[in-house]
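You will see two complexes here that share subunit A, one where it goes with subunit B and one where it goes with subunit C.
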Partner chain A sequence: MMLDGRIFGRMALFGTAYLTLGFILLPLFFVTWLAFFAQEIPSFPPEGYTLKWFGAIADNRNFATGFLTSLQVAIAATLIGLALGVPASLILARQTFLGSSAINQLLLLPIVVPGIVLGTSIYVFQIETEIATGLPVLGSMGGLVAGHALLVIPWTVRLVTASLTGLDRAAEEAAQSLGADQWTTFRRVTLAAIRPGVVAAALFGFVASFGNLEMSLFLVAPGSITLPIAILQYLEWKIDPTVAAVSVLQIALIGGAMIITDRYVKLARVV
Partner chain B sequence: MASLTLDRLTKRYGDTTVVRDVSLDVRDGEFLVLLGPSGCGKTTTLRMIAGFVPPSEGSIRIGERPVTDLPPWKRNAGLVFQSYALFPHMTVAENVAFGLEMRKAEKAEIEPRVREALRLVRLDGYGDRYPRQLSGGQQQRVALARALAIRPDVLLLDEPLSNLDAKLRLEVRLEIRALQQQLGLTTVMVTHDQEEALTMADRLVVMSDGEVRQIGSQADLYETPTDLFVANFVGRSTMIAGTIYAPGAFRSEGGLELTCPPGPVTGLATMSLRPERLTIGPDAARLDNHMRGSVAFVSYLGGLLDVHVRLNDRDQVVVQIPNRGDVFVPAIGDQVEVGWPAAACLVFPRETN
Partner chain C sequence: MAIARDRPAGEQGSFTAAGLLVPATLFVAIGLLVPIAILLRYSLNAFEPGKLMVDAFTIANYVKFFTDPFYLQVLWRTIRVSVACTAACLIFGFPLAYVLARTRSPYKNLLVMLVVLPLFVGNAVRAAGWMVAFGSKGFVNSTLMGMGMISTPLEIMYTETAVVIGIIAVNLPFMVLTLQSVIEGIDRNVEEAAFSLGAPPMAMARRVLFPLALPGILAGVILTFILAMNAYATPVLLGGPKFQTMGPLVFSTFAQQNNWPFGAAVSFVLMTATLVLTLLSSLLIRRSAR
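Entry: the complex of A and B
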């Protein structure tokens, strides 16, 4: 039988795509499965299924406070990151000036630089700042949020710049000729047109901050804790499925956020 | 609608003057076209009228209202862009309603006016679609409806047809012109396309290097261009360089003695000839200026033929003949008789640059 080259090509493409997808999803699948195992030391085959590990989360104070800290930090960092990133993207996308492309690259850097390097450098910077100014920077909530805002900015710049390319500058002039002043034009045309990019940036920035471990390790105050740190600390002593259960909740939270976001802006169109 | 007056409008950026002393009167309901090559200042002029570029000098009035210092949103000028400039996140109806919303119109008033505007551009029923779901021609008609919905005092069109393909361009061109006449819209359009300009305008303004070269009807520009630039830019011409040595007597650089209408020009001059005013073949002998030449080149334009005739070492003319099938068509190298009446000669002083 003759095998049509194109059919073969399509099969190879789909095969690779599904393999890659499986590669990404498999750990998520196992973590979720593991969270329901009855035995304390995870092993195959499961001896039975239980929900008790989800209950165990509530008994561990570190998870609860870590979750709350992570949530607060992620929300604050996202808001700050957007407040800085959106105006920066607007200017960078529309004006070329000396150093503008360097600034653009610089703003994208935090997601390129390894987290541990970023964490170390911010740690050193905050120590120096504290020495120089005498202000309690290191270990403060403000210091942690400032560091996390750096994780949000690259996402904002990338996604907002991408959504701006779909907006014709003339559309803003059209709005003005139709009677909209500058502020109304910005609100009704510019901001409205880049809204999908902003929403997606908020989501990805939030996720980046919420899940960040490396930088937080350097920046949290002694005794203070974020959810990823709580998970790490727990894992140092125990390997029971509680950690898997926490991860499942985290996956559910992020997945839920993506689904809700996708209802309002099609993520596939902006990312 | 209202009239529009530009008085000695000038725009300078540093030492460069991009628009110099432009004065225009656009009558109520008139379609005026600013025509010129790119960089001639026509777009800057339009943007000054719209309010996006503050003039360095001069003033603008819409009707009796001075608008020179008003921002764009207070000028009540409807603007249509080359790139359509629709709001991508709004439906067609929302796009058209935008200007009315800005004017704080009642909901009950907005809806019928949006429908009316869409009906005018033959897009009734498209209100719920998004711009990306429409073709280029349809998008430009939405842009037109959006500009018309606010009942502007003047309609400003910035190369509105340049992004459309040839066939659509013709269609939208006729449509804009028909609407403009039907609604009596005072309109200023900017274009570099002379055919577009000639077919749509009531009056044309030819610009170059930031200055107005000539204002007039199609016939004015074609029959009596005021300078060599206009003669060259509007329609086609062939040029013969030479000297006016006596009233009505022109000697070309190649030594041809030609008769032209006596005029103010003396000394170094350029004669401009419209290719369709020239005759080729035996009939040429009866005309004021006639001579023999050899056919250098024939270009086939479908309905027309351009015959390039070399008269001597320096001088060459283009003769345009209709491709009727029954006329004599010369071949390259043929010796032919070429002629033209004195009245066909347009003579301008030689431009020194």
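Entry: the complex of A and C
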């Protein structure tokens, strides 16, 4: 009787778990299916299948320019975010001092503050900066990149500090006592240890920036566009296999990036 | 500033430490805290049509929000949707998180990637998937009509149901990953101990697993609730223009009506409501766990 209860419990547990996983993946399945429909209207069952919509993507200027803008912004924001976040993580993971936990919390804040509030705040900040300095900040590429860099820092701090807590300080001291100078020690011991964390941070930061919608909505110049905004605006108008094909490309790109990253650092261990 | 505790190097070490830490700290402080302060100041300004924003020091924008039934209804709808989504995420997310945390399968990494992938793909793309399923000629209606279960298509698109389903799917990975990391930290032996003492699975879960997983449950609930309160793409695409929630309201007030003071006030109402309800829910969860 008791054993039956456990077996039934296990079946219910696994059943619910895999149904939930299926539910999470369901929208990706539907959008991928639509990308191959022969007819333009998303009606079921499909009249046939074709690859022609992938060719139609290039005809839509918004998708092409949006993709390039998103790519440039995400690369620049990731580099800036890593340049600021990695050194800070080195200190935060190693040293405790007055206010260190407050600084840690502050650096994690940008992914906790809701996107839409972050967007409005940075928008009014850029307005005030433009008034104060006369520089064209609002709607500039620099303004957009700076906003996105803010999203990369929390991921960097979280993942790099996590990878450093596992490193024994003695390894660095051993290197130094064997005659390595500070720079060599940093390069050969510390950097080697945090590399998985940095790779994961680069991936998460890049994706957070590339997929960001709410902040970009406020910060892009009129007429300028990022890929998520292009997809949103298209979908507000209609859904058809062309936008589905764009989505499939995005899913493939991000899936590919995840698989490559997974070779350096097991995602199951960092998320 | 930096008073190093575990480093005898003294002066020089502290200077290096400060040099490494200060740029990021300044960047986030100036890029995040200052903007929020300016936003708060904007919300106390006045709005005159034609002149946009007028410097003032008034709570008129907040009064306007809390005295207009339309805005109160938007706030209430947002809270209702968020509570429903968060509860569903917890109920359906826990079993998946548990299975992911306890599995010894060689495919564990793949399973985790399948949970993370949708998270990375973006909300608009996932909303597109639901639009394919929910449309009047979409998968759900075609299937049900094909089976003869309904004769006219169901109205699923542009309803609260569609938005709730969409947000649950968006937020589930966050809940699952948060719970998984906490469950992995719970010693499997305590579960086995409960079983060997004769506890049925549900009693084990209630008396052993849930109390130990409480920090994860709290963190997951808080995270998914914040995300649901502030959802943008999902309500815009699945709810349509008539289904107003707070996120889209902030954007339209700001960017389309150019009413910055009122938009700023709506932002602050949203942020405060999220914060208060988050605190309330964590109190509630801690209490019911005792």
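The working rule: the second predicted complex is superposed on the first by the 257 of 271 C-alpha atoms of A that agree within 3 Å, B and C clash if a C-alpha of one lies under 4 Å from a C-alpha of the other, contacts with A are read in each partner's own complex, and residues count from 1 in each chain.
The criterion applied here is as follows: a contact is a pair of C-beta atoms (placed from the backbone, for glycine too) under 8 Å apart; a residue touches a chain by one contact, two chains touch by 3 or more.
Since the model is a prediction, treat every value here as computed from it, not as a measurement.
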Worksheet item: Touching A:258, do we find subunit B (first), subunit C (second), both, or neither?
Response: second
Item to complete: Once the structures are superposed on A, label A:193 by its partner contacts, choosing first (subunit B), second (subunit C), both or neither.
Response: first
Fill in: subunit A residues touched by each partner, larger count belonging to subunit B or subunit C
C
Practice prompt. Report for A:184: first if it touches subunit B alone, second if subunit C alone, otherwise both or neither.
Written response: first
Worksheet item: Given the touch rule stated above, what does A:17 touch, subunit B (first), subunit C (second), both, or neither?
Response: second
Discussion item. Which partner chains sit in contact with A:44 here, subunit B, subunit C, both or neither? Use first/second/both/neither.
Written reply: second
Worksheet item: First (subunit B), second (subunit C), both or neither: which does A:175 touch?
Response: first
Item to complete: Give one of first, second, both or neither to describe whether A:105 is in contact with subunit B, with subunit C, with both, or with none.
Response: neither
Worksheet item: In the superposed arrangement, what residues of subunit A touch both subunit B and subunit C?
Response: none
Item to complete: Please give the residue numbers of subunit B that touch subunit A in the complex, ascending.
Response: 50-52, 71-79, 81-90, 98-99, 102-103, 143, 146-147, 150, 156
Worksheet item: Along subunit C, where are the residues that touch subunit A in the complex?
Response: 1-7, 17, 20-21, 23-25, 27-29, 31-36, 38-39, 42, 92-93, 95-96, 98-100, 108-109, 111-118, 120-133, 135, 137-139, 142-143, 166, 168-169, 172-173, 176-177, 181, 195, 198, 200-202, 226-227, 229-230, 232-233, 236-237, 247, 250-251, 254-255, 260, 263-264, 267, 270-271, 274
Practice prompt. Name, in rising order, each residue of subunit A that touches subunit C in their complex.
Written response: 2, 5-6, 9-10, 13-14, 16-21, 23-31, 33-34, 41-45, 84-85, 87-88, 90-92, 94-99, 103, 106-107, 109-110, 112-125, 128, 146-147, 149-150, 153, 157, 207, 211, 213-214, 217-218, 228, 231-232, 235-236, 239, 243-244, 247, 250-251, 254-255, 258-259, 262, 266-268, 271
Worksheet entry | Residues of subunit A defined as touching subunit B within the complex | 166-168, 170-171, 173-181, 184, 188-189, 192-193, 195
